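The letters A, B and C name the chains in turn, as written, and every chain counts its residues from 1.
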Amino acid sequence: MDKLTREEVLHVAHLARISLTEEEIEKFRGELKILMDDIDKIKEIKDFDEEMMYTPVDGNARLREDEIGDMLSAKDATINAPKKNGSFIEVPVMINE
Amino acid sequence: MSEFTPTIGIEVHVEVKSKSKLFSNSANSYGMATNTSVNVIDLGYPGTLPTINKEIIRQGIRTAHILNCDITRRMHFDRKNYFYPDNPKNYQITQNRTPIGRNGYVEIEVDGTKKKIEIEELHIEEDTCKSAHRGSVSLLDFNRAGVPLIEIVTKPCIKNGKEAMAYLTKLKELLFYANISDCKMEEGSMRCEPNISISKDDSFGTKVEVKNVSSIHSVGLAIDYEIKRQEEMLNNGETIKEETRRFDDKQGKTILMRVKETGNDYRYFIEPDIPYLELTDDFINESLNALPLLPDELRKKYTNLGLSSLQIEKLINNRSLNTYFLGLLDYKTNYVTAVNLLLSDIASYLNKHNRLILETKLSYEKLVKVIESLESKELSNKNVKDLIDSLMETDKSIEELKKEFNIENITDDSFIKEVVTKVIENNTDSVNDYKNGHDRALKYLMGQVMKETKGAVNPKKANDILIEALNK
Amino acid sequence: MSKYLDLSIKEIHELLVEKKITPLNLVEEALERIEAAKDLNAFITVNDKVREEASTLGEVDPDNLFFGIPIAIKDNIVTKDLKTTCASHILDNFIPIYDATVVEKIKNAKMLIIGKANMDEFAMGSTSETSYFGAPLNPHDKKRVSGGSSGGSASAVAGGLVPLALGTDTGGSIRQPASYTGLVGMKPTYGRISRYGLVAFASSLDQIGPMTRTVYENAALLNILVGEDEKDLTSVKKEKEDFTRFIGDDIAGMKIALPKYFVSEIVDKEISDRIKEIISLLREKGALVDIIDMKYLDTAVNLYQIIAMAEASSNLARFDGVRYGFRADNIDSVDSMYAKTRGEGFGDEVKRRIMIGSYILSGENAKTYYDKALKVRDDITKEFARIFKDYDLIIGPTTTRVAPMLGMTKDDPHKAFMDDVLVIPVNMAGLPGLNVPVGINSEGLPIGLHIIGKSFAEATIYRLASFIEEVER
């Protein structure tokens, strides 16, 4: 069976920000290849129009009036955050700003 | 003369004024307590969906209009996917394929020559949250997340720092006047990112982007510095890398932030949570109806009213006074006198008390009365200065104020005569000078009259009475 | 043990009105049944406040058919203060701070949320075996799956634990488990029910819908769930209608199409034979049934893979350990926070799909795959519209086979999609589709009929479904 290379797996894993164990890399080399072959079938479809449909909704998007609604307290805004620091949510330092 | 031709494009982000955010109805306001101007949508909570703020679409239409862009009639939004802690959903909703405006221009004048800076496109998107860095951690405040932005992208048609500054000054003036944005670079509500390349021929050189520039003036300095730096590098046989630099105001130079990875992979696709948005003629017209007169239109209008160019520029620089003045044009009065008052006593009152004219009690009717009284010499400029606090803060009529401040005296002939007699008695030398034909003596005597009365007399009347007394 | 929950909703309602029973009786019975059927693994979370809520309701007079009725909610629909996990480790302690719009509607109707139903992780899968909490079992045969992704909702209703459940359907996830467990399951027209509070898998395909024991109860529950929602721009404004209004009508004169593809060799013989019997019956009762050619049906799985995985890769990007959910330990940078949190937090099926989804949107691939899929999606939608010019409904089997044994599709990334080959085209076009049980096979396992309607023609679907239900009874 055809497989992706290790590098190809690591590339898509990086795009999706997913760390993989060595076993997973090996496992996904085959599994991802099957899915890539699946999606490649679209190339065989020859009979199609240019118009794209990205949503089944026909109508025009509704617009909201510019009014302020309910807001959260700082406590609720951070209530589910794994790491808090006062009213802030904390993450490891962001470099390369 | 350099053998290289610089090519410069500028991306400008402005925070758009509105009550609520772009895709959620939490408050779009600056300076609120940490993480209090947020709701579940701004935090990218699972299951939340965007809605569209009508006012931001209107602001987009207005911006497109004032920048002479074609307005896109049928648009959708797109997702720009990238992982970063300040990006709550790890995608930003923006307009990639169908920006609301395209193909516009801003006309500038540099050293007496006019030039059109071409606008490639402008689009609506959401802002990220704010982060502060403390040692090994960063702290996130989501108040800014979802604040509406308009990004304006020029074509690479700018040649130097001077042109860039002229463009940004004009752009800022337009956006500020049209009430699109505060355009405060120091608060981040206007952010300018120039990209610079130089080349010996028609092909474009390698682009270097400059970020975190703190003022329009710095943009000009950064560009000129960057042109010089790149010229020197090429002359030394070095190659320019595609990179992002920042401008350091103190050192006056650009400093490397990061070298660009090969092609940013933002994985754009159409935002499926927002159906097509089609703009009708009515909606566009309604949006544009709310657009105030813009600076160039004002300049023309004010010149015709007889204002000096100095007055015009001063007035345009003070938007709230200008708005007030535009309202005054519905009344018949001496507009030159009005502007003089607005820019002198009234402006200094407003500055001193840190207030806006619309927050004061200076009605148009009252101002017109003040101007009339000045022209009839019932009030002197000095009187107005003395009365200014009361004029701005009370509902009292001018008659009432005159009484209160004892300005009644000024039309009281006998009072003036009394003073004039006293002045003539005390200044016999000057009286003689006057009689010998020295006109200057009259001015001196008049000054003494004003001094005696602390300026509270009708000058015309006092003058008449003085001459009459001298000629006796 | 009492047996009130086996009665019809109408009968339960009468008992409640006559004060012969209380909502608390119903809740106690449901909790007992859930406890007794723990092996079905139908629920991820049981609402520990539901007794209290039922007691409070005991003071009030019933004001609608669903007053006091226990309901299961699929665990990808957020419920305020009630854990919502999406069957994922990454959200296994997540307590939402708001209610989905459908949950507000359920609460307004004073239904009692008994718990959160098991499912495939983030609704990705066709057997519910990708759940972090283990697969729910099929009450008809506990060695078999109850389908997916709304497998827990199906197990709960088919196992008699609750009379009603909400499921969600992105590529057949209500209709296929309904078919595997012998339930009525409706995926309404895209836009019929607000998605606000449904944790998005593929935004342009997802739709919430009712899973019930009978057609009437399905239509009556849909009445409560629908409506334009200002919080969801893809929800559509429609005149209020009663979806039960055609129930019991005869079917003479109805024009029904059966695409050849739906009875082709991809379908088990026993199932196609059953469908053919139904066709004869329908014709006998005066309906016109034509077997027709329909283009693009065989492209739907391909389109689904591309569109659903692409959208999912973006929708699931927000699970990053910053604002809510699980964050991995031992992280020293933003990059390691993302990669470890997501690497440890997601299961294999989710990982595969978001990796491929990211690949699909990456650089030039977006044109090759995603744009092209949207173009063919437009064609398949137009093809449906063409058929619906001449016909009221399209029918076929819901699945190509009966419920498979546990473990059969596990770790087969391709097969997971093929279970839904007959139901996926409906999601592409945003149409309404429903499963109605049409008997059992030789092993005693349920077979389902799939009825597809025009956009917003759910009532017409219920008309045919109720007729078939009556005949089957």
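By definition in this document, a residue touches a chain if its C-beta (ideal position, glycine included) is under 8 Å from a C-beta of that chain, and two chains touch if they have at least 3 such contacts.
This is a predicted model, so every value here is computed, not measured.
Engineer: Hey, which chain is the most central one here, using CA centres?
Structural biologist: Minimum centroid-to-centroid distance belongs to A.
Engineer: Skim through the chains and flag the pair connected by the most C-beta pairs in contact.
Structural biologist: A-C
Engineer: Nearest whole angstrom, what separates the Cα centre of subunit B from the Cα centre of subunit C?
Structural biologist: 55
Engineer: Using Cα averages as centroids, what's the distance between subunit A and subunit C in whole Å?
Structural biologist: The mean C-alpha positions of subunit A and subunit C differ by 23 Å.
Engineer: Per the centroid of Cα atoms for each chain, what is the distance between subunit A and subunit B, given in Å?
Structural biologist: That pair's centroid distance is 41 Å.
Engineer: Of all residues in subunit B, which are in touch with two or more distinct other chains?
Structural biologist: 40, 43, 51-52, 83-85, 140, 265, 267, 270, 272, 274-275
Engineer: Where in subunit A do residues touch at least two different other chains?
Structural biologist: In subunit A, residues 15, 17, 52, 54-55, 57, 59, 61-62, 64, 72, 89, 91-94 touch at least two other chains, as defined above.
Engineer: Would you mind listing the residues of subunit C that make contact with two or more other chains?
Structural biologist: 94, 97, 204, 230, 233-234, 313, 317, 320, 322-324, 334, 338, 358, 362, 374
Engineer: Residue numbers of subunit C touching subunit A in their complex, please.
Structural biologist: Within the complex, subunit C touches subunit A at residues 94-95, 97, 189-191, 204, 230, 233-234, 236-237, 295, 299, 302-303, 305-306, 309, 313, 317, 320-327, 331-340, 342-344, 346, 348, 351-352, 354-360, 362, 368-369, 371-379, 381-382, 411, 413-414, 417, 429-430, 455.
Engineer: Touching subunit B in the complex: which residues of subunit C?
Structural biologist: Touching subunit B from subunit C are residues 77-78, 84, 86, 91, 94, 96-98, 100, 195-200, 202-204, 230-234, 310-311, 313-314, 317-320, 322-324, 334, 338, 358, 361-363, 366, 370, 374.
Engineer: Under the definition above, what is the set of subunit A residues touching subunit C in their complex?
Structural biologist: Counting only subunit A, the residues touching subunit C are 9, 12-21, 24, 27-28, 31-32, 34-36, 38-39, 41-43, 45, 47-57, 59, 61-62, 64, 72, 76, 79-83, 89, 91-95.
Engineer: Quick one: in the complex, what on subunit B touches subunit C?
Structural biologist: Those in contact with subunit C are residues 40, 43-52, 79, 81, 83-85, 88-91, 140, 263, 265, 267-270, 272-275.
Engineer: Would you tell me which residues of subunit A are touching subunit B in their complex?
Structural biologist: Checking each residue of subunit A against subunit B gives 15, 17, 52, 54-55, 57-74, 77-78, 85-94, 96-97.
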